[in-house]
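So, here come the structures, one by one.
Below are two complexes that have chain A in common, paired first with chain B and then with chain C.
Moving on, here comes the complex of A and B:
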């Protein structure tokens, strides 16, 4: 394999690993910093969907054989369907169970 | 360059899973626990795929795919069951 293709894949994989780290850490930070489940849901869906998806693309780029690359592609396709739907299910559950959402206290608005 | 980084990824993923477990345990309301579960299934999938690539066995990738499918179905049933339990009137 010519070195240009090799290094292109390496650099792109590193880029996507960086995305994985950035989104993972920011989502985890949001998971603990946000006041109520509603906003934590947004932070967690960032973590689980975007970071794992960029991790899968990075692994797709450095997959050694075509057999592995095709499997990773199928996993990515299904993960793109199941993870956002899971987040939507939680949102519906939170909505129907009528969880109270966080409101800034009166004095903060002043 | 990535072959030095690749063995590091499972440890990072385990750290993320550990922190999310913390949220699963602490989580005051039921919604937080569901949120943590959703993150856990995504991270576990990533962990499986990375292991599959590290050891060069395609079997792990099939395991990851089946895990994702059943994880999603289980999550669906879980949320549906909780919806009935929480307000109990509409099916």
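Moving on, here comes the complex of A and C:
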């Protein structure tokens, strides 16, 4: 492989691994910082979707063969369907349970 | 051949082809025996499930077969807004502002698959979660609501996604 392409691929993969770490840790932090299930669901969606998607993208970039890359692509496609479905089921249950969502204080509003 | 029988046959072959493609991607097998075995398995599963995947009333190929060029545009557009929203959520986690609210709006999309995709992508993007999809009516929990106006809220949440989805499907 062309050395420039090789390095570009490695640097991009590293960037996406960094995203994985940052979003994963932020999501975990959000689970503790947010006060109610509605907003915690937002934090967990960052953890589950953005960080895992970044991880899979990084793995796709450094996949050693087309066979491996195609498997990762299929996993990404399934993940894009299953992850929102899980969040939706929890949110729908919250909605039907009638639990009110958290309203931040006026000074916290943007 | 009766029209309904022909339509059932088309649905069976189409869903079987998609299953076979997924199997090819996942197995990465190259031998003829493996291909035949995969095809037989895909067609068998398709015979049992095509009614679930391709609804009987959607008798138009554009209702479930995506336009490949617009799929690429959709993925690029979605990834961009996906990362932007994620950074915004990280900002909120670290002490930034938010204004949670449940909003209702309608979609112009016609096919079930396009509506499902819109609801799914809204949930997939951090900051918005679809609570309900009833015909063309969506109920969404929006973490950064800056309006209660139905149409405006809908336009802000969909952010052009609906237009692209309308070109991918109908």
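By our rule, the second predicted complex is superposed on the first by the 100 of 110 C-alpha atoms of A that agree within 3 Å, B and C clash if a C-alpha of one lies under 4 Å from a C-alpha of the other, contacts with A are read in each partner's own complex, and residues count from 1 in each chain.
The working rule: a residue touches a chain if its C-beta (ideal position, glycine included) is under 8 Å from a C-beta of that chain, and two chains touch if they have at least 3 such contacts.
Every value quoted in this text rests on a predicted model; they were computed, and no experiment measured them.
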### Message
Tell me the contact category for A:83 with respect to chain B and chain C: first, second, both or neither.
### Response
both
### Message
Per the contact definition in the header, classify A:13: touching chain B only (first), chain C only (second), both, or neither.
### Response
first
### Query
Is A:49 in contact with chain B, with chain C, with both, or with neither (first, second, both, neither)?
both
### Task
Considering only the touch criterion stated at the top, classify A:62 as touching first (chain B), second (chain C), both, or neither.
first
### Task
Check whether A:73 is in contact with chain B, with chain C, with both or with neither, and answer first, second, both or neither.
second
### Query
First (chain B), second (chain C), both or neither: which does A:39 touch?
second
### Message
Please report the chain A residues shared by its interface with chain B and its interface with chain C.
### Response
27, 38, 41, 45, 49, 67, 71, 74, 83, 85, 87, 92
### Message
Going by the contact rule set out above, which residues of chain A touch chain C in the complex?
### Response
19, 22-23, 26-27, 29-30, 33-34, 38-39, 41-43, 45-46, 49-50, 53, 66-67, 70-71, 73-74, 80-81, 83-85, 87-88, 91-92, 95, 101-104, 108-110
### Task
Enumerate the contact residues on chain C facing chain A in the complex.
22, 25-26, 28, 82-83, 86, 89-90, 92-94, 96-102, 119-121, 123-124, 126-127, 129-132, 139, 141, 143-144
#### Entry: chain B-facing residues of chain A, complex
10, 13-14, 17, 21, 24, 27-28, 31-32, 37-38, 40-41, 44-45, 47-49, 51-52, 55-56, 58-59, 62-64, 67-68, 71-72, 74-75, 78-79, 82-83, 85-87, 89-90, 92-94, 96-99
### Task
Write out the stretch or stretches of chain B touching chain A in their complex.
1-2, 5-6, 9, 12, 16, 19-20, 23, 29-32, 34-36, 38-39, 41-43, 45-46, 49-50, 52-53, 56, 58, 61-62, 64-65, 68-69, 71-72, 75-76, 79, 82-83, 86-87
